[in-house]
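A, B and C label the chains in the order they appear, each numbered from 1.
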């Protein structure tokens, strides 16, 4: 039982990084970025190839971040410099990435158990060797995710981070501040997709495989996680956006796990998941209402 | 804030409640993780249950089934596998590659045996080393070519449409090209990137006047089979299927895998493991050696072909 | 000094809706001028501002600042020397950021937006001082989000933000039009105060003839892409609303309004 909670939290943490990415594009930049469905498997493809080639597993994370940033840059370039609509720019990159991912990985690629991953490599074992694999997965994912969160929170406090927020909030202001809004969009998209690819990379370590189809639906997942998270914490301005996103990601994964665990007919899985989401969003809204009332009273 | 904590607590409680509910029974649980609902994959599962039965195991007495399907979503497959793993099921049955990969990963340090099903190349997928076994659904290329030769003695070219990103299809094409010579055929293959271009590829094959078309187990192609058949029927080009479901839809014939039989083989493997006779790690994966021939005589007649009696006698009629 | 030389601007060229707004339009603003621009809708006031700021392309002519042609500069590059307040109070600041954060953004204009921390405690007193000069009590609301403020409060902060760093020109694009009369009055007073204190060169488009007459050192009236009235110095000081209104009515009647 404890295992199930640990596994679910692990999934929530790994996918929280993807949700951070979508938080940046959707919530901050107000940019519906479909690149995600391609950059997520891109991170996994690069990771799988490097792992098979025997590259240090920790380095594969950095490699994924780098290629993810490039993917985001391409979408940004297509949108900003070539003046293609935001949605379409993402679709173009996502489509191209489908082929590129297969070019990188050859085909769907799996990593043998003899290959060391970030969860089994010597440095991890030296610190967490006494734990089971499932526990190690939790701790390592948590650490990577928290590092991302802290760095992001710090970034949002910098001048550049302020400008990024301003692009989504009111891009006319960015222009009157004599700054190129397009450049900031490209930076935001690169940052976002770097995080998405990192998430894909960790999934590849965890699952020991890359599949060309693994990106399908990730954008939708991320959106749901961001919306669930921000709805839950709507009235608590002291809760950082990134914290809310982590909660959203964990709640989403928990919903799916609950739906699986309920043991209802397998084909109802998605329906049950949908009902659980609705329940959570409604609960979140009720809370919003009750706070309003208490303020009035 | 209190409400949030309440929601999270309720969620976790529900999770633990749901998780514990099943644990009470003493009967070993078999977790079946199927990638999605799909005629062939359903047949795998059905056959698996039959295989267990044939090996003398009875449901609810010797085992219980926890069946989940991931609706073709890789991350859901991961969570299903983790669910099985945390419940310490006696055995995981994984149908199709993404589910098998997920189950194998979830069982990595738990030593839960995994029996996979409907995987074309288990070695390529790194699903051979460890506490894992199962059955492969590798296409029977030789019998298929032989069948086509017998039904169409004068045919020279065989058209094949395949998705370039699907590794199973790519390896099948290579095998077809390698073996076509032996039967006096030439393969005309057209690669597509997605399902939308499949019917265009069919037009191209018709234009090239191929003598017939044969299918792989390519999901994109099989998904729009009806549209392809509409075009080929008009052009009087026979299409051969790769398994029973395609013949039922209107392909003329197929020397194909019977996924029920395949499932049975996996079911028997699982029975041996459950009974403690063998360990999955000691059992090599199996490949189908017997293939059945399926014929759709309506489709055959519509094409103006005849099936030689030595085939039709053994063949299974599908309509 | 800002010069518009031989500007031509054609909307939808080559189509049935082709409309030539400016044909050989010339306009010069000298340093220290506070120009009020009036004119009916479609007379080209806002288009002129947009041409100065590079928000819309032109078909011919030159925009010069201190004798240098800036035609090839993109809009965001031109804003290095220009501050702008829009008609919509929401356009001048970020609604989801606090007053403090907005002030910090504006304060950094002209400097690189790098990875150093955006909020500088040493500047907080300066922001408070600036905000208290508005007389709206905003200096106590540093941590309130802009979106929670009223239109007038937002416009006051926008004005402050646009003029926080040294600029050559201040562009006011009907910046009181969306406010109620009383608030509009306050913002207009503030504008005058800031422009006078900081000795800014300003161009203000307005529909309020009284503001145009009462404030500023120069008044121009536009009609169909041309300047039909240009009063400065003593001539401007002696102008009365009635005179201006009469001319305004005359052109409006000609238009058939």
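We take it that a residue touches a chain if its C-beta (ideal position, glycine included) is under 8 Å from a C-beta of that chain, and two chains touch if they have at least 3 such contacts.
All values derive from a computational prediction rather than experimental measurement.
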Message = Taking each chain's centre as the mean of its CA atoms, which one is most distant from chain A?
response = C
Query = If you average the Cα atoms of each chain, whose average lands nearest the overall Cα average?
reply = A
Leader among chain pairs (count of C-beta contacts) = A-B
Key: Inter-centroid spacing, chain C versus chain B (mean Cα positions, whole Å)   = 69
Ask   = With chain centres defined as C-alpha means, what is the inter-centre distance between chain A and chain B in Å?
value = 32
Inquiry  = Rounded to a whole Å, what is the gap between the Cα centroids of chain A and chain C?
reply    = 42
Query = What positions in chain C touch 2 or more of the other chains?
reply = none
Request  = Report the residues of chain A in contact with chain C in the complex, numbered from low to high.
outcome  = 155, 157-163, 165-166, 169-170, 172-181
Remark   = Seen from chain C, its contact residues with chain A in the complex are 74-80, 82-84, 86, 90-97, 101, 104-106, 108-110, 112-119, 162
Query = Can you name the residues of chain A that touch chain B in the complex?
reply = 1-8, 11, 15, 98-99, 102, 107-108, 110-114, 132-134, 203, 206-209, 211-214, 216-218, 221, 232-233, 236, 247, 251, 253-258, 260-263, 266-267, 269-270, 280, 283-284, 286-287, 290
Key: Interface residues, chain B side, partner chain A - complex   = 1, 3-4, 7-8, 11-12, 14-16, 18-23, 34, 37, 66-76, 78-80, 82-83, 85-87, 97-98, 101-102, 104-106, 108-109, 124-127, 129-130, 164-167, 170, 193
